[in-house]
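Just below is one structure, and these are the notes that go with it.
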């Protein structure tokens, strides 16, 4: 009897672990990132940031925050549409988490090796837009609704250049599977020493990366594109009515989204889990290390930008997207294709 | 292949479960003492007026529309991109024509100013001799008519 | 020659359309010239016409033939060659009708001299109408026949509807719908015939579908297995009936007659003249030209029906006429009655009957023309047509009364006037074919005598009413319209031979064709 | 019997997809017929289109149709998008003029 | 692969010309400052070029783009007709006062029209179910917007709303039907569908359902009874130029597509001509079903038209009835029936466009579409009145106008195929139709204009356009060899 249970349990455990690995990563990352962001902000603004909770530089600050959030009262306004109000955080986090399924964390680990990985990823992240609108609408609050609409407009607008630049990589790689895409970038052949990362393979891909990076800033609602939550204008955007753990879930999803897009950028442009030094420091574990390093580097840049640049106005935001990024990204797509044809 | 999609489902479920567990844990700990004022819709401390489901700007719709067009374009470009290198020049020109056709429409839309976000014009009060304080543009028309 | 006589009015119409609106005089004179020329041409035809050539179904013995391919579509795998001819020609059957049409056409122009309302449009439409009716009488291609037939409707609709009496709209649309319905039936039969008939082109050996009436008369040309092939088949009967209905509407025979009184009463005088004088004859002409030779089997099968309907028309028309107190309506019903005589004459299927019938067509054309003109004269002067509103006109307008009386008596069938001759022939023929119908029909004559004499009494005799003391007698123009008709009435009454010998040969042949299939 | 039904459920084949699509089609048609709200009707239309889409994709998986079915599916998505875009634009205009998006309120034209 | 495409492009010049025209209009609208009918002029020019490019294709019989598109005489004939109709409608639009209010975005109108004609070109020539559907939708979507183009008018908004809802549902049902057909036969190419049906395909029920669904979709576009209920509303609400365009061009295109689809898919291509049609589907008697549909269209269209007061609505019902007459040829579906249809649509183009044109001119001047308000118009504008009379009489099918020839051939085809009851119904309904057509004529001529109503003046251009429509209507009534020859030669479809 124990044998049968064991027979079932062993693969089941394996599966659960398999599915929980990214979750662990996200949670750890979130704790670190929240703390890190405050610290970075502090240093940039020439102050110290959180110092008290925990020992070294207030390392336990995020954990304290978490504990505080768990104890907070959960308020659902009477006028809100209860089901949607409750449902939105589920959808938001589940969607952004499901997207991690196709991210190749290491040469040995990918959640689900489907052959339309990127496509799936982009499709699933679109659900975020939906949950944002849902949250905004369900709150039955003017700020929420306006924030939700703005956020949706912003997300859908910037989705176009994001996807267009992703397409440029697909054109070069010829595959939608992120594992394959990463594998294609192994080796150090460019100019004899540079790694085979796509960003080095084609000069127009550098342009593509810049566009991509700007777009993911907007996609994940980071400054200078953080209009949906711009506290000074819209109180709290679509999250205005949320409190406690529900709000925390939105926050978590946003951080996860940031990580996700950074990791995607790392996979597409910077060789994913490939070591920058060829065979040196390669292997599954080192792969994971390099991958997270690249991703966190991008996250760091995003934080850096946050505390450096002011926020755009909503019309400027749209103008940047529609009049500059979209045409540019498609022209770039054509140029990349042309380059690929000629060379 | 099908199993791979099973993993995708698994991830979705895990994500949702995590939210559920987190909320459940917090439910065990957190206080629950609602009162009418807490449950009021937040409008910067004022008592909210009217329904929040107001009509909003038409631009949102146009943005949505444009997004739709590009999204659909991208939908068609994905299969193209994967086979691009195998097909070669033909694929390049096909995409070129396709994208440029859409861009002609896009440029038309841009040129017609459909994608410009309205910026509310600031209302500047001015003082008009004998009339009093009024809006600038009204003052202009008043001047012209006089 | 025939092309000219048909299309002269079109030329006139174009000239009129080019003239300015105001030049009414020029418009009238153009119309008069054109129709006058038609009469001249008709006279030439009369003098050149060879009385011995039979026509009917023999292509060689038609006269003044003009034929060329109008529409030809080369052979295609699925239909064979298609041919529509421009095929005009006359024989003994149609020559009299051509003459009648041209004379009535001219008389119509003369009597519409005082039309002042939209003169240009009036005469343009009038001339189009004349083209249509002339075309029907001379065309030997079914397609052409049909086009001319339908071309008449539209001008007629406008002429009644625009220049007619108070209920003109109703009358016009009623006329239009009835005849158009008939036209559609005719078209269906025409198409059925077209697909059933194919002759073999001698030159190329191709099988050619054609609308040529003469080919349709030849039983050998029917394609095997087509719907109208064979003899005495159901479809042939149906086709005969459909054709008969479309013609009967035009005649009009008893159940289809209701449009006629309305149309006549509301139409302006010249149009009534044309309508009664020529258009009604198209129906019987169509029966003789198309139904009889193409469907001899159907004819024989339904001939009693035809005769019976003719009989009912005679009696019914006469009774209705008697009941009227409107002069014009009375004449309209008398037309129904008189056309009934034509129908039983031709339904006799013997030479006397047919000669009588055709002659009656001609005579009735002339006589009703006189009668309608007579009504028109009174109406112009008094603006009423009520029979009881008059009395003693004879004293005030002697010339007019004399002429009208001649017309009346001719309608009544007084020996010595033309009506007598044709009615006599018709009844003789009918008597030979179906005694009882003929005998009953003759009673119609008695009723006719009754209402005509009564009318004469009510209008021309008795005391002159006070308000009519100022009536003037006929003007020169009116005389001009009356006199030729009166001359014809008297002339043909005394000496009908010139008319009879024109058609004798053709009609004998037609009778043979129908009864013996030669 | 029950087990065979479960077994049937457990082995998805063409029929399953066809049944799903037929149900979707019926639902869509029902929405179109019974709803008076224009948006609801348009949703019904989308359901109908998607049911056709399911058919195509299922056929492409289980019959010799191969990739063609998926290709058509993609085109149908595009058509549906275009149609929805135009329809919503028209709905906006209608709302501006009639202040209602109920089909029964559109009743100027009749006869 | 490249060879195929390059080779195909040569056959595709007319369509490319339209696309270029479309782009040209867009660019011109952006950069030409002087507003007005610039777009119309460009579209007109583009259509003339297209017509020339089409004429080059005379006699070509090819299948291009991987058997997706047939370039054959059949398609060519319909494309030429569509081009002609478009040219006329462009001219109408330039004269229309209704559109003046929207002059700052009139270019969009022409753009959409270009899109529509492109869709219709593909409709008449595609031999692939997918492309057929795409073309169908392309036409439809453009026309939805065009119907609502005069968006400040309540009627127009309502019409476009109704149109898109009915249209979307119809096309949805159609694509569902197509999906079943494609799934059953495993083919999207209609020749392949035919081959698959010729093999043993034992699914009569599904097949029948799918064809009924497809007929519903196509019948919607053709405004066949019982799928017609949108037509009167839409025709009344749309700008009159678009009404004319819908009732002529889009109907013609849908007709061509329907014919090609049914003729090729469901007839035994190995048997020469007659008798083989529908032989693939022996479950139901399709001939009779279609014949009943045709008869219904005639009866319903004509009887309902009797009570209409709006001229557009009346013409809408009349066009429903005409769809019925055209369907008579479709019931037969032999070459003879097809050529009869082709003659019919050719003539129908002139007379229907003519009637709409005059209606538009009157409503330009008087601002009304009510037939009652037509009283005395014949006296106020004699040329227009006479032309309207000719067009209406032609629509009735009265000799010597071209309408007679059209009816003659279609009746003839039906008679020779033995559909007597159908022809009889057609004949009787024709008589009924006379009644409502002539009512307009009566109102125009039998009444005096109101006191103080002035004569209507029209400029020379207007009159020339009118004559361009009027002369063919009369001319082809007496001399119709050319159209018959043309129709006969164009019956040939690719691979038939």
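Here the chain labels run A, B, C, D and E in written order, and each chain numbers its own residues starting at 1.
Here is the rule we use: contacts are C-beta pairs under 8 Å (C-beta built on N, C-alpha and C of every residue); 3 or more make two chains touch, one makes a residue touch a chain.
These numbers come from a predicted model, not from an experiment.
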State the smallest step count from chain B to chain C, taking one step as a move to a touching chain. 2
Report the chain whose mean Cα position is at the greatest distance from that of chain A. C
Top-ranked pair of chains - ranking by C-beta pairs in contact: A-B
Chain occupying the most central position, where position means C-alpha average: E
Mean-CA-position distance for chain D and chain B (Å): 26
When the C-alpha atoms of chain B and chain E are each averaged to a single point, how far apart are the two points in Å? 41
In whole angstrom, the CA-centroid distance of chain A from chain C equals 95
Measure off the straight-line distance from the CA centroid of chain A to the CA centroid of chain B, and report it in whole Å. 19
Touching at least two other chains at once: which residues of chain B meet that condition? 71, 89
Residue numbers of chain E (touch at least two other chains): none
Among all residues of chain C, which ones touch two or more of the remaining chains? none
Each pair of chains that touches is included here, namely A-B, B-D, B-E, C-E, D-E
Quick one: in the complex, what on chain A touches chain B? 15, 18-20, 22-23, 69-80, 89-90, 93-98, 100-102, 111-115, 119-120, 137, 139-146, 149, 152-153, 156-157, 159-160, 163-164, 167, 170-171, 174-176, 235, 240-241, 244-246, 248-249, 313-315, 318-319, 322-323, 326-327, 330, 333-334, 337-338, 340-341
Which of the residues in chain C come into contact with chain E in the complex? 70-73, 76-79, 82, 146-147, 150-151, 153-154, 157-158, 161-162, 168-169, 172-173, 176-177, 180-181, 184-185, 187-188, 191-192, 194-195, 227
Which residues of chain E touch chain D in the complex? 130, 133-134, 137, 141, 144-145, 148, 151, 154-155, 157-162, 164-165, 168-169, 171-173, 175-176, 178-180, 182-183, 186-188, 232-233, 236-237, 307-310, 313
Mind pulling up the chain D residues that touch chain E in the complex? 21, 25, 28-29, 32, 38, 41-42, 44-45, 48-49, 51-53, 55-56, 58-59, 63-65, 68-69, 71-72, 75-76, 79, 82-83, 86-87, 89-91, 93-94, 97-98, 103, 106, 108-111
Quick one: in the complex, what on chain E touches chain C? 273-274, 334-336, 393, 396, 398-400, 404, 407-408, 411-412, 415-416, 418, 423-424, 427-428, 430-431, 434-435, 438, 442, 445-446, 478-481, 484-485, 488
